[in-house]
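By written order: A, B, C and D. Residues from 1 in each chain.
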């Protein structure tokens, strides 16, 4: 395959990109100066060497931000002693960034996805073993007061949450921490008239 | 103005209808048989005679469904003795229908709108006096355990809710009922990545 | 059925209106003063008496604008002697209004729809007989220089256009008038990159 | 800046990509195997060496497809002797691909953009000198029968077209070739009711 088609095909694997936009990306790069292409290629190829996946929360971060702690290279959030002892489980890095932006002051664990409804091998879809180890470790160190399950408000998110609750509730009892889920209800800006019955029921259950 | 333009203008006052769709409505009626127009005209003109606004909840309903109770003509919901003693305040009839569909088993009060942020005359925008009277009446009859404020999750909805809380909290203390608001959080189907910080904060506050 | 549901169902027959918006229309009318409802009912019921369908072009117009001409009540456009002798065939009244707005100075015929692709009875879908009579009449009176077929640029529009061309070409030869179709090509505001191959081919064919 | 933010910023320069999607691209690359990143980097960095900009039409193509002709490296279309002698001027490579897909059998010139309405230096925005040279060369070689201006149907496209017509009409007279523009009118799939007056006027002017 020629380099134009090959590059176009690579861009088609990018999230949310179809064949037409992939081609526009290639055109953009063709018209750009060689230095722009060189810089992009350089940054992409060095991405692996300059970033680390945190051994505690599994998010990706820049190596220069890494801090040595107990013989592990941790991300700035996991290394920060002032963080509260609530562990927020998210599906992916982008969710973590949103929660951080909302002002959460605890710590995180990036699950790496959700468990499909029919899956018989949940551990193939999410970091189950790593989560259990993290929970056990934090709990043993008395660093876990609450486990917040921040899954999507979808069927697959709910399924994953239930699976995690079942998997972790014995730990919760043994180590005396709470397992909670994000509140459901009216999202900011929404009106009752356009809310679905499920959301109204949730908003009623979580009224306060 | 000719009848085509006049009718078009009337349809432009219908909620969500612009000039183009208003004209399409007129074209539809022009092409329809005379009997269709006659039926529509008849139903519209009799609407006032065949419907009643409930004296308790202020929603509109069909006269034939009305039930006499304590010398008042009430709607089927307000007349139903088996309804629970939670009073759900909604902005408009369409909201009431959505909440009813979601399976709520208490009773309602239709406020008739929201209070604009800068308004110095709140009572001109919503049925304040009627609400106060209803709350006092129900409370005196020991028929009010909880007042649920089901306003929109918008700035104006929040403003209205605060105003109602301030107005009614002395009654709540005197008659010993709770004032609650609908839970905020992730609405069904939503994902963390696309949630706004405000919704994430609410979902965190109402975690359970 | 109660009047609220009945009226709601009538509004659901309006073009582009679903159950939810139909209900909002009813709520709007319920909350409106009785005089608004009375006026709407009155205008709708009188619509038939106050409007006429033009005997030449078949569009709907207000009776007060009608002009007597050759023993017929005609619409202002058909009655206007200064109009040019081009006959523009449109599908519906709304199309006629758009063409008029674009500054066309000839006359019109409202076909009343398009002919479905598989239809074996084209005359049941559009005013074929009336169109033939109109064309023959205008041609005999030497008032037809060009017949412009202004159908939609869709499969059904194309099918209808071909059917009309076949039906009318013997008249065109006999009476010496042209049959033309609207030009196809790039619509105002469109870019080549996003145009479909068919539109590009048309734009190429009609280049000038 | 750290590599994650730096790469994110680079992706924000891609056409149609905002900060959020740029970050998702970075996340996708972080989670991808190192080999995927290496391949992408490699393809991007070699893009310049493996592609050529055609000296005749200025589009980008793969070096391996290049053909030597009259001491020039040409793209397969420009090198193809069987192509007709119509020269189609497009704004950008993506337009050329669309026109090629629509079955055009002539040759092309990629202008490289459009001329802003207020610009006093048109040659800074498009390849004016190269176009004039190309036109003169083809005309001298008796290889130019028609110059088709395939600009966007927008204000800036129209402005550019007029500028090109004024610049090139003396050549057209001297060398006896036509300058044409793409036909305007209803695009495939569109309906009269929703067409703007300008499009209807164009469709009327180009009726046939």
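Here is the rule we use: a residue touches a chain if its C-beta (ideal position, glycine included) is under 8 Å from a C-beta of that chain, and two chains touch if they have at least 3 such contacts.
Computed from a predicted structure; not experimentally measured.
Undergrad: Indicate the lowest number of steps between subunit A and subunit C, counting one step per move to a touching chain.
TA: Each step joins two touching chains, and the minimum needed here is 2.
Undergrad: Relative to subunit C, which chain has the most distant C-alpha mean position?
TA: If we average the C-alpha coordinates per chain, A ends up farthest from subunit C.
Undergrad: How far is the middle of subunit B from the middle of subunit C, if each middle is the mean of its Cα atoms, in Å?
TA: Once rounded, the distance between the two centres reads 41 Å.
Undergrad: Go ahead and note the Å separation of the Cα centroids belonging to subunit B and subunit D.
TA: Distance between chain centres, rounded to whole Å: 56 Å.
Undergrad: In subunit B, what residues contact two or more other chains?
TA: Counting only residues that touch two or more other chains, subunit B contributes 92, 94.
Undergrad: Between which chains does touch occur?
TA: Listed by label, chains in contact pair as A-B, A-D, B-C, C-D.
Undergrad: Which subunit B residues qualify as touching subunit C in the complex?
TA: 2-4, 6-7, 10, 13-16, 21, 23-31, 34, 37-48, 50-51, 53, 60-62, 64-65, 92-94, 97
Undergrad: Any idea which subunit D residues touch subunit C in the complex?
TA: 90-92, 94-95, 98-99, 101-104, 148, 150-154, 157, 180-193, 195-208
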